[in-house]
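Working notes, structure below.
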Amino acid sequence: MSPGVLLLVAAGCLVAGIVSGLRWPRTWLTLTVIGTAAALGASLWVLLGSTDWEWLSDITVGGERLHLRLDALSALFLALLCVVGASGALYARGYWSDRQFPVSAPRGRAWWSSLVLCMGLVLTLSNGLHFLIAWELFTVSAYFLITLENKRPAVRAAGWLYLAASHVGTLVLFALFATLASHNGNWDLGPAMREQAGLAPLFWLALFGFGVKAGVFPLHVWLPSAHANAPSHVSAMLSGVALKMGVYGIMRFNGWLPVPPAAGWVVIGLGSLGALLGIAFAFAQNDFKRLLAYCSVENVGVILIGLGGALLAVTQGDAPWGRLALAGALLHVWNHGAFKSLLFFSAGSVLHATGTREMSRLGGLWRAMPWTAGLFALGALAVSGLPPLNGFVSEWLVYLGLLGAITSKAPAAWAAIPAVILLALAGALALASFAKAGAMIFLGAPRTQTAMRAHECGRWMLGPMIALAVVCAVIGLVPALVWPVVTRAAGSWHPAWALAESPAPLVTLGLVHVALALAVVGVAAGLWWKAQTNGVQRGLTWDCGYATPTARMQYTGGSFAGIGVGWFSWILQPERSLRRLRGVLPASAFRQERMPETVLERVIAPMGEGVLRVSSAVRRLQHGRLQAYVLYVVAGIAALGCLVLFGGKP
Amino acid sequence: MISLLLIFVPLAGAALAAAWSDNRTRPWFLPSVSLVHVVLCFRLLVVPPEVAPDAWLGFDKLARAVLPAVSLLFFVCACYGVSYLAVRAERSNRVFVAALLAVLGLLSAGHQARHLGLLWIATEAVTLAAVPLLHFNGTPRAFEATWKYLLVGGTGIALSLLGSFCLGYASLHSGGSGDLTFASLMAQGAGLSRPWVLIAWVLLLVGYGTKMGLAPMHTWKPDAYGEAPGIVGAILAGGVTTVAFTAILRVRAVVGAAGEGALADRTLLAIGLFSMVVAALFLLGTRDFKRMLAYSSVEHMGILTIGAAFGGIGLKAALFHVWSNSLTKGALFMSAGNIRRAAGSASMDEVRGMAMITPRSAAIFVAGMFAVTACPPFGPFFSELALVKAGFGSGHVFAIAMLLGCLLFAFFGITRVVFGIVDGRPRPAMRTGGKRFVETAGVILPPLALLCFSLWLGLFTPPLLREAWEAAVQQLHPAP
Amino acid sequence: MNTHLNLLIGLAMGLNLIALGSSRLPSLILVVSAQGMLLGVMPLLLEHDWSWMLLAVVVATVGGKGLVIPALLRRAMRAANIERELEPLIGFVPSLLLGAGGMIAAVAFSQSLPLLPEHAGLLLVPGAMASILTGFILLIGRVKAISQVCGYLILENGIYLFGLLLIRSTPLMVEAGVLLDVTVGVFVIGIIVDRIQRAFDSLDTRKLTVLHE
Amino acid sequence: MNTVLELIFRLAWWLILAPLLPGIINKVKAWVAGRRGPPVLQLYYDLARLWRKSVVMSTLASPGFVIGPAVAWVALLGAVILVPLGPAGAALSFRGDVLLMLYLLALARFCTAWAAMETGSAFEGMGAAREVSYAVLAEAAMVAAMLSLCVQTGSVSLATMLAPSAGAGAVLLAAGLFTVLLAENCRVPFDDPNTHLELTMIHEAMILDHSGPPLAVILHGASMKLLLFSVLLTEAVLPMGDLSPFAATGVLLGGVLTATVGVGLVESLLARFAFQRVPLLLTTAVLLCLFALLVAWKGGAA
C-alpha cells in the first residue's frame, strides 16, 4: 500500500472525525485512531524505505496546484504527530469526558481532529501558499483547543496571548513566503531553493517566525500560560508536537534555503541560552504544568543546540560530527514528544484527581495513584536525560556531536564548549526540577484535603500513558533501532549525510542500558526481599524529637528550589511578600512568592503599555466635535499639498 | 443598453417602492430588484459589452472588475433586509426601501461613469440617498451621526467638485474642448497643465477619500456605521466606499497619463499607510464592536490605497481585495447587527458571552473576524498576501513592513473586542430581560452565504474574475 | 466687461469678510443670500452671447442660492426658535484677520497659477479661493448648526465661482450638478436641522458630541 | 572465561576496596587529632551489621524508599565499571562513555534525592535540596574537567582520555577535581559527615531515615563514589599510559591513597564552610577546570 493511499485514508478519517466528533464519540475515536495509524504507516513507509513520496495534483486551491511531499524529515515529525494524536484522543475520552464537559467535549473532539489534520498538512504541503493556510488553520484550531474552558478568564487570557504571539509569527511568515514567491515567481517550496544565494537573509525571518511557535527562548512568552491553562491532553499535544512544528519549520527552511554564515552561531547560542534559562524558570515554578511548560523551552533549546551544531558543521566543510549533532536533535524531537506528553498526561490525571496545579497543595499522592506516580517518575528520569531512558540517548548524541567539534578543534569549538557546559548545567537543573516536582506531588504526606481525596485515573487515561512510557523505554534500551530512521531524516536535511552506518556506538550503549536495567531490577528486587526478610517496621518519620509533625511542616517546593532560584534571581525576578512574626502576640505570618514570566512582564508588557498610551492619546482626537473634523479635512489637504509640492522628486 | 438597465431598474424600483402602500410587502422589492440587478451584472461580467471610448456611461473594464461585487453584496443584504425590516415592523420602511434601491441605482451609475462630472454627480447623489438610511433608527444618536456624515461628507464632495473643475481647467490649457470623459483626458496626457493637475489630484484625493473614509477624513465613519442598521453599514462599507475607490483610480489614471504617476502613487502610499496606522491605533482602544467595524473598514481602505499605489500587480491585488473585503465585511456587519439587537448594546463593557445567547451569529462573527484579519482560507488572506507579494516585488519593503505592523495591531484590537463579546458568561440581565431575539434563517443565512462567497473567492478564485481584474489594470495602466 | 465682473467678485469677497464678522444669524443669512445673487448674475457678464440655457442657469442660481435657501434657513431658524446670537469658537476679530490674510494669500497664490489668457485679468481664482477659505473658517469656527450651513454655502459659492472658469467649455451638466448639490444638500440639511432641533432641543452643535471614542 | 575472571577481579577491586577509604580518612583525622580513632575496617563492620538489621520505614514512605538506594547503587556500580583501572584498562570502553559515567552519577543522585524525599521530613528535604543544587555547579566543573581531557587527548572515551598526563594544566585540573571530589562526596568543607546538627548536613541529612540494608547499600555506594573520584583524579593527573603495568598499579594505589589522605588532612585542618560560601568554592573549582581546559587547548595548538 503506497503512502499516498494511506495518507488519503488518514485525511478522510480526520475530516470525517471533525464532523463525527460533534455527535458520536466512539466513531470519532475509531476514526482518529485509524487515521493516525494510516498516517503513521505512511511515514514509516517513507522512513524505513529509501524513497520519498511526492504528489503533484491538478487540483488547484487559491490558484496553486496542490503539491504534497513526504520526505524523511517530515515523516519523522508526522510519525510523532500520529502517536501523540492517537494517544491524546484516547486519553481525552477519560480526561475530558462528555459527562463532565457536555458542551466543550464535542467541540474539543472536532478541533482535535482539525488540529491533527492541519499539522499533518503543514508537514506534507510543499507549496508556500498552502503551507501558510495549513499553518494558520493549525494555529487557530490550537487556539480553540486551548480555550475549551473559556468560562475561566485565565484560560481566555492565555488563549489570547497564544493567538497574539502566533499572529506575530504568522505575519513574519507572510513576509517570508511573499518574498520567496516574488523572488522565485512561484509558490513552490523545495530543495531547489538551495541554490539561490540571494535568499540567505530569509533565514532570519524563518528563525523568528517559526521560533515564536517553537518557543525559542526570548520568544517563548506565550508558552507557559497556554500550556498551563489548556486541558492536559491539549498541553501534551502543544508541547509534544505543536512546538515541533516550529522546529520543523526552522529545520525545513534552513535545509531548503541557503543560510547566512552567522546562522549556526546564533542558533546554537539561542539554544544554549534557552536550555539553561528555560530550565531555571522551570525549577522556580510552583504550578507543575507551568514547570513542564518551561521544561519544554529547555528541550527546544537542546534541539536547537544540536541543529546549530549541524549548521556550523555544514558551513565548516560537512564535518561528520555535525551529523551526530543533527541526529541528536532529530531524535530529541521524538523523545521530547514522547516523555513530555507522558508527563503532561500524568499531570493531567493529577489535576483530574485533585483539581489543583499548585504543588504546595499536593503531596503523598503515590498512595492514591501509584500508577501515575510510577509513570511520572519514569517520565521524570527520561526528561532529566538519565540513562537508561530515551532522553539520555538523544542528549548523548548531541554531546558527541559537540565533543566532536571540540576534539577536532574546529572553529565551531568556541560555540561548542560553552554549549556543552550549559547543556550539562541544564541537565543538572532538570534533574533538580523533576526531583522537586515528583517529590512535591507524589511523596511525603498530603498537604491538603483535596490531595487526600485523590483517586487513580481510569484505564482510558492510563493506557496511553503506559504506551508512551513503553516508547520512552524502548528508544532508551534499543537506540540502534531508531538510528536508520534518524539518519534518513538527517539525509533529507543535508544530502551529504545520508549514509547509513552509525558513527556512534549505539549498539554498545543499548547493551549497557539493557544490562543496567536488568541489574536495577535484580538489585532492587533483592534489596526489597532482603528488607522484607529482615523485617520492616513502620514508624513516624524522624522529626528531631518533635512528636506530632503536621503535613504543613514538610519541605515546600519553594524552599527546595530556594538555592537555585537565588542563583538565577537576576532573570527570574521573584516577587516575594513576607510577613514575619512580631511582638508578643504575633499576627499570623505568611510568605508568598510569585514567579513572573520575566520576558513578558518586564519587557513586553511595558512596550505594550507604551503603544496603548499612544493609542489612547490618538483616540482623544475623535472627540465628536464637528468643527475639528472639518479642520482635519483641511489639514489633510494641507499635508497632501505639501507632499505634492515638496515630495515631488525623490 | 443593459448597462443603463443596471441604473434605471433600481431607480424605477425605488419609485415603485415609494409609491407602494403596504408596509409589510414593500421590503420584497429589495430582493426582487437586486436579483434582477445581480443577474444583469453577472451577465455583463461574463459577456463584457463594447464601450464606445467617448461614452459618458458604460460598463467598462473597471466597472466590470468591481461592480459585480457590489451587486452581489447588495443582493445578499437585500435578502437580509426583508427579515430585518420584518423585525422592525413597527416603523414605516417606505423611505428606507426606496432610498436603498436608489442607492443601488446610483452606485451602478457611479461605477459606470466615464465622465468626470457624471461621476461626481453620481457620488453626490449616493451620499444624499444614503441619508435617510442612516437615521432610520430615529434616535438622537442616529441624527447626530447623520449630521456629521452629511457635513463632513458634503465638505468632501464639495472639494471633489472643486478638484473636478481644476482638472477640467487643466484640460483647457492644451486646447481641450472641455470634454471631461476620462478617455479624452487621458488622451490629452502630458498636455494637461501640471500645476492644475496636481491641485486637482490633491482635491479629488481628499474629496473622494472622504467618501472612502481614508484618515484623516474618516471621522464620520465610526459614528455613521455605529448608528446605522447593519445592512446599511454593510452597503456603505462595501458599496459606497468602492465607488469612491474606483473614482480615485480613474483620476489616478489621468494623472498618470499626465506624467505625474509616480508622485500620485507616493501620495496614495502616504495616505494609505497613514489610514492604516490611525485605524490600528483606534482599533487598539475601541470598546464598541460596531465602531470597531468602522475602523477596520478604514484600515482596509488604507490597504486598497496602498495596493493602488503599488501599481500593476498591486492594483490587481487591490481589486481582488475590493471583492473579498466587501463580502467579508458584509457578513461581519450583519452578524454584528444580530448581536447588537440581541444584546441591546454594542459596547464590550455591557455585552458578554454572546456565544451562549446567539450562538450562530457569534460563530459567524468570530469566523468573519478571522476572515477580515487575513486568516486563511478566506478571501482577504489571499488578496492581502498577493498585495504583500506585490509590494516586495516592487521593492516597497518599508511600506510592507509598516503594513504588516498595522495588520498586527489591528488584529490585537479586533480579537480583543470580538472575544470579549463572544466569550465568557452573559450578564444575567441579558438572559432574562426584554423580548428574546430569535436567530431565524432569514438573519443567519445571508451572512453565512457571504462568508461562503468569501471562502470560495479565496480558495477557488474564478479565472474569469482574475481576467477581469487583469483587464481593469490594463485599462488604468495602459502599457506604453 | 472684466472690470464689472471683477467688481462683482470684489463685492463677493467683501461679503465674505462681512460674513466672518457678522455676529447675528439673520445678518449672516442675509450675506449668504446676497452673495448667492451676485454669483447668479455673473454668467451674464462672463458670456457674450446669451443662450436660453444660460438664462435658465442664471435664474436657477439666483433663485436657489439667493432666495430659496435663505428662506429655508430662516424657516429652520424660526422652527428652532434659537436666539439670534452666534457664539464663535474662533472669535470674530481672529476670523476676520484670518479671512483677510487668506484673501491676500489667495491673490498672491493665484498669481503663480497658469491661467488661460481670457481669464488672466479676472479675479475669479482668488475670489474662489477666498470664499472657500471663508467657508472653512465658518465651518470650523462657528458653533450653531445654521451658521455652519451658511459656511458650507459660502464654500459652495467659492466653488461655483471657480466653476465659472469652465462655463464656456464644459457642458451645463456640471452646473446643474452644482445646483442640485446645493439645493438638495441644503434642503436635507434643513430637515436635519429641525430634526436635530427636535431631538436635542437646541442647534448648539456642542451638544452633538455624544458619539466619540 | 578470561573476560569473566577479569570482570570479577574488577568488581572485587571496586566493591571490596571501596569501604576502606572512609576508614583511612578517619584514621588520618584521628592521627592528626592525636587520637587512636576507629579501626580502618570500621565501615566493613558497620555494613555487615546494617545488612543484618531490620528496616524501619516511615509510614509515608513508598517502595521507592527502598528501590531508590538500590538503583543509586547500581548506577554507581555502572559508573565505576566504566572507569579504567590503570594498566587493566576499562572493562568496556566506547566513544562517549565519559558522558555515560557522568549521567550515571546523576542518576544515582536523582534516586538518592527521591528516596530522601519519600519520608516527607523537612530535614531530608533540606539535604536533598542542597545535594541537587550544589551538584549543578559540581557537574559544570566535572564537565569542564572532562572537556579539558578531551581536548588534551582528542578523544572522548575514558580509556584514552585518562591514559596520558593532564599536561601543562595538570595542577589546575588536580585542584579542580579534588574540590569536586570533596563536594560530590560531601566532605569538609562542603559537608561534615560526622556532624550531629541536621541543619548543617547535606548527605547525612538525606539518609537520616534510612536504616538496615538500604542504609548499608547507600553507605557502600558512597564509598564507591569516593573511590571512583580518587581513581579518576589520579589517572587524570598522572601519565598512566606510559608506565609499565606494575608501576602503573603502584602509582594508581599510591594516588588513591594520597587523595584519601589528602581528604583526611583537609577534614582535620579545615572547618566546614558556611553554606553561602559553598557556591563560591565550587565556582572556583569550575574556573580551575576551565583554565585547565584553556591550557589544554593552547597546548594542543602549540
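The letters A, B, C and D name the chains in turn, as written, and every chain counts its residues from 1.
Please note the rule applied: a contact is a pair of C-beta atoms (placed from the backbone, for glycine too) under 8 Å apart; a residue touches a chain by one contact, two chains touch by 3 or more.
The structure displayed is predicted, hence computed values, not measured ones.
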item	value
Two chains sharing the most C-beta contacts	A-D
Chain centre separation (chain A, chain B; CA means) in Å	44
Inter-chain centre distance, chain C versus chain D - centres from mean C-alpha coordinates, in Å	99
Rounded Å distance, chain A centre to chain C centre (Cα mean)	69
Inter-chain centre distance, chain A versus chain D - centres from mean C-alpha coordinates, in Å	36
Contacts with 2+ other chains: residues of chain B	147-148, 151, 155, 222-223, 282, 285-286
Touching two or more other chains - residue numbers and ranges from chain A	619, 622, 624, 626, 630
Touching two or more other chains - residues of chain D	none
Chains touching one another, given as label pairs in label order	A-B, A-C, A-D, B-C
Residues of chain A touching chain C in the complex	619-620, 622-628, 630-631, 634
List of chain C residues in touch with chain B within their complex	112-114, 116, 132, 139, 145, 148, 152, 155-156, 158-159, 162-163, 165-166, 168-171, 173-174, 177-178, 180-181, 184-185, 188-189, 192, 195-196, 199-200, 205, 208, 210-211, 213
Chain B residues within the chain A interface of the complex	147-148, 151-152, 155-156, 159, 198, 201-203, 205-206, 209-210, 216-217, 219-220, 222-223, 262-263, 266-267, 270-271, 278, 281-282, 284-286, 370, 373, 375-377, 381-382, 385, 388-393, 400-401, 404, 407-409, 411-412, 415-416, 419, 423-425, 458-461, 466
Contact set on chain D toward chain A in their complex	51-60, 62-64, 66-67, 69-71, 73-75, 77-78, 92, 94-96, 99-100, 102-104, 106-107, 109-110, 113-114, 117-126, 128-130, 132-136, 139-140, 142-144, 147, 150-151, 154-156, 198, 208-209, 212-214, 217, 279, 293, 297, 300-301
Touching residues (chain side chain A, partner chain B) in the complex	60-63, 129, 132-133, 136-137, 140, 147, 150-151, 153, 156, 160, 163-164, 167-168, 171-172, 174-175, 177-179, 181-183, 611-612, 614-616, 618-619, 622, 624, 626, 629-630, 632-633, 635-637, 640-641, 643-644, 647-648, 650
